[in-house]
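Several structures are given next for inspection.
Next, two complexes with chain A in common: one pairs it with chain B, the other with chain C.
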Partner chain A sequence: MAEVKLKNLTKRFKDVVAVDNISLDIEDGEFLTLVGPSGCGKSTTLRAVAGLENPTAGDILIDGQRVNPLPPQKRHISMVFQSYALFPHMSVESNLAFGLKIRKKSLKHKSEKVKWAIELLGLSGFEKRLPKELSGGQRQRVALGRALVLEPKVLLLDEPLSNLDAKLRLRMRTELKRLHKKIKTTIIYVTHDQAEAMTLSDRLAVMKDGKILQVGTPEEIYQKPADIFCAGFIGSPPMNFVSGERVPQVEDKNAMVGIRPEDLSISLAETKDGIVGRSSVTETLGSDNYLYVDISDLLISVRLKPEEKIPEDKPVWLVARKEKHHLFDKSTGRRV
Partner chain B sequence: MKILKFVLIGVILFFIIFPLFMMTKYSISDRESIVTGGEYPEPFFPFKPTLEMFGVLWSRSDFMKAGLTSLWVGLFAVAFSLLLGAPTAYALARFRIPGVAILLFFLLSVRLFPDISAVIPVAELLLSRPFSLLPPVVLVGLAHTLLALPYTVYIAKGVFESIPRDLEEQAFVLGAAKSRTFFKILTPLALPGLGAAAIYTFFLSWNEFIFAYFLTFQGTETTLPVYLLRILSWSPQKNFISAISLLICVPVIIFTFLVQRYMREGLTAGAVK
Partner chain C sequence: MSGSIKPSSLLLKLKSNLFTIGFFIPAFLYLFSFFVIIVVFLLKFSFSGNVPLLHLLSVDEFKAALWRSFWFMGVGTPLQLVVGLLLALLIQQSFKGVGMVRSLFMIPIAIPALVTAIIIDLLFSYPLGPINDLLLGRHAFFPQIVSLPVNWSGSEFLSLGLAILGKTWRDMPISMLILLAGLHSIELEQYEAAKTMGARSWQQFKYLTLPLLTPAILTILILRSIENWKEFVFPFVLAPAYPLLGVLIERLYHVEQNPALAASVALGLVILIALTTLIFTTITKMVRKYLVRV
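Right after this comes the complex of A and B.
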């Protein structure tokens, strides 16, 4: 277990700045997620921590030690790749033991650790199988086990769930969270899936264009997004954005107003301070239903209570309490 | 349409199978079936099939020696072209090399020249010191390496490109040194593909005539195709020469069956979803 510090980390590939002067403190035992759209630099950051990329500038510290010049093995990290990268010609057992073998661990230690991983990850009975004889979820667990048997101080996970089908992804998400509770290793997790980031992490760092826009707990980022991009990226369906001049309650007409679908109340009768629109389609999810409302050129999503029924193609009035408004500067995108 | 298809397949099969049939037929013919003196037509199938010629060949040391020479030349060619070609291919597949497309074109363009135009300079080089000190088997092996190398590089490049880079990076993260990654991860995964390159090289060498002829015509050590020519110059009987031809084909057929299954295994399945 260890804390990880990134200090002014920059990575440039020729003319492209993949990671742009980011600083981040990750606490001991923390589950931190780097989340952002593809190409935002999250994977490059992770690879830099792993030792697969040389930073152009800045330092990476693990447990207070600067690890920039160290190869991965000496950083006490393990990494799970998106593709799992299981060695296809080796059995589950050999895959799990690969790193231990390199570290020249005793036979006893090796078999104990492999056994531990197999039990921890529910892979009993599959020891002799080849990766191609495993299901996607099992492969994923082998990859995780191969990383865990090395008892890393920091576990790096690069989109480990994105190759699984939707149902399995949800299950592995829970398993991963339980696993973290059990082993308490510092985890740096990379994903583009905001739901994964929200559900798994102690804290998350939202990245865009090589920069970290906001770091915080899922609640903080959801409730107080620091930036219009974070506001739109975290949450599903995404936050609605309306120009300030169209919202009667807002004084700053130059601001962009963000309102989450669940903070809007809807009425078929004219409401004070309400914005009028036309109900369009309803998406039924079971527990939640979302109604989409046309407001001239905008499509606004509104969460309906299960018992609430709004007919389609009718004039409706939308209103949100003022404290639920998120105001952003139109030019900088920062929260005001 | 269907009939036409079958007729077409029949015609194609005829062209493939008929020469093989004739070769086999002559090789097991008795004397009366081939030496007719124009008194009666040659029979479609020999009167008294016999394996006599194979027995004759088995006891001929020059034939056995040529066979062994061919085998060794083939193995040398395979070894040389893999030793040189696989690392080259790996480098071409993994590292960003400026002008790699031009390089690859030149590599293949070597084979655009007819062999006959390359054979004189190559023979000139290999038959003078220091190369001439090497045994002829190695010399011909080297010449065949020259012929096979462009293809070996091409095939092996494809093989290495098909192995996900993630596997190497994963091995690196787990602490494996480059050499371990190469021998424990890459080599086992590349083997089926490299096997294909090896088979290709071996067959090329086994069949190759021009270079083998120019490099060995003076000596006693020759490969089978050159041996076949020498025998032909004595105007031997059809059954004798056919038996030699048939025996030259046999290893090719056996080898193909042996290694093809291995090639098809597709070891990389399951590495990356």
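Right after this comes the complex of A and C.
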């Protein structure tokens, strides 16, 4: 277990700046997620921590030690790849033991660790199978086990769940969270899926265009997004944005107002300070329903309580309590 | 499953698969004419002479040729594998002009083997060949190595060595291409995973590249060893005084007019090839098993 510090880290590929001067402190035993759209530099950051990319500038510290000049094997990290990168010619057992074999561990140590991983990840009975004879979820667990048997100080996970189908992804998400509780290793997790980031992480760092826009707990980022991008990226369906001049309660008419779908109340009768629109379609999810309301050129999503029924194609009035408004500067996008 | 198939159902099966069977007929005829007929005649010929197959080893000419062919195959096959692997690893890298280098390495196979063999023969001719000139120090840029011209074709070791080198040079694109295809099928992320687990370049080669290349390596070992066992052109041109089995067959048939003995030698060659294939397959599988164990 260890803390990881990134200091003014920059990575350039020819003319492209993949990671732009980011600094980040990850605490010992923390589950930190780098989240952002594809091409935002999150994977490059992870690969730089792993030692698979050389930073153009800046420092990476693991446990207080500057690891920039160290090759991957000297950094006490383990990494799980999106494709799993299992060795296709080796059995589950051999895959799990590979890192230990390279480190010239004793046969006893190897078989103990392999047994431990097999039990931890529920792979018993599959020891002799080849990766191609496993299901996606099992492969994913072998990849995880292969990383864990090395007892890394830092575990790096690069979109490990994105190749699984939706149902399995949810299950593995829970398993991963329970696993972290059990082993308490520092984990840096990369994903483009905000739901994954929210549910798994102690803290998350939202990235865009090589920069970190906000770091905080899932609640902090959800409740107080630092800018318009974080506000729109975290949360599903995303936050609604309306120009300040259209919202009667807002004084700063130059601001952009963000309101989450669950903070809006809807009425079929005219409401004080309400914005009028036309109800369009309803998405039924079971526990929640979302109604989309047309207000001239915008489509606003509103969460309905299950018992709430709003007919489609009728005039409706939307209103949100003032303290639920998120105000952003129109030009910079920063929170005001 | 019941033991017997009813004739009516067999006929039905035949009928429904008529189309598929139709596609196999040309291949079957081809195999039959070029394989079955040849083997039958070979067997017939080889048992018509006065030297039965098992007594071949008492023929001195055969013993000497067998020994030379064994060395030709035993040195040439691994050499062609190693050279092919080194070249494949080299041109797999991305550098400026790699496309040109790749095409350049394809040239040898475009030149007829006989032409290559004759050029080598001319280069190494005795006593006044370009290579001898070089070794005698007749060019200012090269130091003198020997004081008397080397008679390449007069020495068994040197002439067969030249034949092996010529064969390796000409056929290297084949091994190289097969291995290159094998290398391309290995994912980059597997190497990265191995790296994060602590594997150095040498260990990545030993535990990833090598076992993942075994299908390609085995293909090369089998193809090259068969080729080397029955090689004719290079030893025929470069080492006429020291015949290999392939050259011996030609000599027995054409010069000595003894088709029965030629057929016996050829049959012996077929058996040797089958044995070698078996041995290479076993060894390769064992090595792979050793490399992927826990």
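Going forward, the second predicted complex is superposed on the first by the 336 of 336 C-alpha atoms of A that agree within 3 Å, B and C clash if a C-alpha of one lies under 4 Å from a C-alpha of the other, contacts with A are read in each partner's own complex, and residues count from 1 in each chain.
Please note the rule applied: contacts are C-beta pairs under 8 Å (C-beta built on N, C-alpha and C of every residue); 3 or more make two chains touch, one makes a residue touch a chain.
Quick caveat, the model's predicted, so the values are computed rather than measured.
Asker: Let's test your reading of the overlay: on chain A, do chain B and chain C clash or fit side by side?
Answerer: clash
Asker: Regarding the shared-chain residue A:I77, is it in contact with chain B (first), chain C (second), both, or neither?
Answerer: Once the two structures are laid over each other on A, A:I77 reaches both partners.
Asker: Look at A:A195 in the shared chain and tell me whether it touches chain B only, chain C only, both, or neither; answer first, second, both or neither.
Answerer: neither
Asker: Between chain B (first) and chain C (second), which, if any, makes contact with A:K110: first, second, both or neither?
Answerer: A:K110: touches chain C, not chain B.
Asker: Go through the superposed model and pick first if A:I102 touches only chain B, second if only chain C, both, or neither.
Answerer: So A:I102 meets both chain B and chain C here.
Asker: With both complexes overlaid on chain A, does A:E93 touch chain B (first), chain C (second), both or neither?
Answerer: second
Asker: Is A:N163 contacted by the first partner chain B, the second partner chain C, both or neither?
Answerer: Once the two structures are laid over each other on A, A:N163 reaches chain B alone.
Asker: Chain B: which of 4-12, 40-48, 58-66 or 256-264 bumps into chain C?
Answerer: 58-66
Asker: Show which residues of chain A both chain B and chain C reach, each in its own complex.
Answerer: On chain A, the overlap between the chain B and chain C contacts is residues 50-52, 71-73, 77-79, 81, 83, 85-89, 98-99, 102-103, 146, 150.
Asker: Quick one: which bits of chain C touch chain A in the complex? Just the residue numbers, please.
Answerer: Chain C residues touching chain A: 187, 189-190, 192-200, 203, 207-208, 211-212, 288, 292-294.
Asker: Quick check: in the complex, which residue numbers of chain A touch chain B?
Answerer: Touch residues, chain A against chain B: 50-52, 71-73, 77-79, 81-89, 98-99, 102-103, 130-134, 136, 139, 146, 150, 163.
Asker: So in the complex, the part of chain A that touches chain C is made up of which residues?
Answerer: Touching chain C: residues 50-52, 71-73, 77-79, 81, 83, 85-91, 93-94, 97-99, 101-103, 110-111, 114, 146, 150, 156 of chain A.
Asker: Taking the touch rule as given, give the residues of chain B at its contact with chain A in the complex, in rising order.
Answerer: Residue positions touching the partner: 164, 166-167, 169-176, 180, 185, 188-189, 267-273.
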